[in-house]
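First chain A sits with chain B, and in the next complex the same chain sits with chain C.
After this line comes the complex of A and B, so read on.
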């Protein structure tokens, strides 16, 4: 990789955690890229806010419970983690219901943050 | 412009693989370059050489292989491939299996990364 400034990369998590593999493979991509010392941020929008819901029990579904793994983002210095306020509210959730601390932001602010990115990865 | 391409959906079921292919060929025709193509999620099924569509339909994995033969770097995510049974024995020629670090490199080296088939 050529020497230059850190690339600003944002992951956009829009899907519920277990209805498709997108959230889980999105997490895998975040963790791998987190190891490359780029400037990474993550935003949870729409049903994506459910990905961080506390106390998930996936046993009846027979699928892996991976929400706890988001706690490791801190170890990768990934601290720019956002959740869309309206998406949370529509689903009866607040920041207290989530497994990691997030910055709750308005849609307009998310647009601004996206504009500042070099790369967007939608999941 | 130098484009990076990320394909997240499989072949035939949805249009993503076709849209990506059409985008790439149009971009090349207009003198742009493709930094690399990365297959993630169900996108890894795109390069399965065992696919055998009816003769009057397009052959999606062959099409990718032909683009690879032209020198475009085509990378399949190893983690996504493994869980879907895609390995070096079943992929078409001119594509390679590697890690997500390659996607990062494509994204960093491109002027713009275009994704097809997310969600």
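After this line comes the complex of A and C, so read on.
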């Protein structure tokens, strides 16, 4: 498949990790789509930025700790990973608090990137 | 890009996030509880008036009527499902839920 035929797909992660199943489902969808070698990008907005928070310990809660699974995204060549600066700041977070490297960008930049996509998958 | 919102603006920040990331001129479709954003006289009226200057805003009339919303903000297009389908055909879709 040539570069031109690749579909540009963006996953929009807006939900916290343990309040609903959405963030986990989003991760699974990203990994599945990653196997199809499309042009994937992921953006973390609103409570979605909490998904990448370091030092999540879900043992007492008895649920799966899936944030570290985001480290596997680079194995799928998914490196276009963004976080909304305002969402991070509002929640007292910075890039250093996140489990994987992300590009911290302004809303206007995210708007542009969204506009370039063929498909958006919100979670 | 067509942006869709189906939650009440008093329950979630979906409207605000949508407006933060939507490009000027992008249409916004309010349906289900999203239509509460189209009601006049609420605390988000000023936000919506700002949105109406930048975006065509549509609301599903059946959802508006079902909720007893009789005063709709000026400039909001009330529309039916075929209008919704028409917009989806013309645009990529970003749903805020």
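Everything that follows uses one rule, which is that the second predicted complex is superposed on the first by the 119 of 123 C-alpha atoms of A that agree within 3 Å, B and C clash if a C-alpha of one lies under 4 Å from a C-alpha of the other, contacts with A are read in each partner's own complex, and residues count from 1 in each chain.
Note that in this section a contact is a pair of C-beta atoms (placed from the backbone, for glycine too) under 8 Å apart; a residue touches a chain by one contact, two chains touch by 3 or more.
Everything quoted here is computed from the prediction, not taken from an experiment.
S.K.: Name the contact category of A:119: first (chain B only), second (chain C only), both, or neither.
M.R.: Once the two structures are laid over each other on A, A:119 reaches both partners.
S.K.: Kindly classify A:42 by the partners it touches after superposition: chain B alone (first), chain C alone (second), both, or neither?
M.R.: neither
S.K.: Comparing chain B against chain C, which has contacts with more of the residues in chain A?
M.R.: Counting contacted residues of chain A, the larger count belongs to B.
S.K.: Just chain B (first), just chain C (second), both, or neither: which does A:14 touch?
M.R.: The answer is both, since A:14 touches chain B and chain C.
S.K.: Looking at the overlay, does A:51 come into contact with chain B only (first), chain C only (second), both, or neither?
M.R.: Neither: A:51 stays clear of chain B and chain C.
S.K.: Contacts for A:33 in the overlay, against chain B (first) and chain C (second): which applies, first, second, both or neither?
M.R.: In the superposition, A:33 contacts chain B only.
S.K.: Contact-wise, after the overlay, does A:25 reach chain B, chain C, both or neither (first, second, both, neither)?
M.R.: In the superposition, A:25 contacts chain B only.
S.K.: Hey, what residues of chain A end up touching chain B and chain C alike?
M.R.: Common interface on chain A, chain B vs chain C: 14, 118-120, 122.
S.K.: Under the touch definition given earlier, write down the residues of chain A that touch chain B in their complex.
M.R.: Contacts found on chain A: 1-2, 4, 7, 9, 14-15, 20-22, 25, 28-29, 32-33, 36, 38, 118-123.
S.K.: Sort out for me which residues of chain C touch chain A in the complex.
M.R.: The touching residues are 1, 13, 17, 20-23, 92-97.
S.K.: Flag every residue of chain B that touches chain A in the complex, lowest number first.
M.R.: By the definition above, chain B touches chain A via 6, 8, 40-42, 79-80, 99-101, 103-105, 107-109, 113, 115, 118-119.
S.K.: Please output the residues of chain A touching chain C within their complex, sorted ascending.
M.R.: Spelled out, the residues of chain A in touch with chain C are 12, 14, 45-46, 86, 107, 110-111, 114-115, 117-120, 122.
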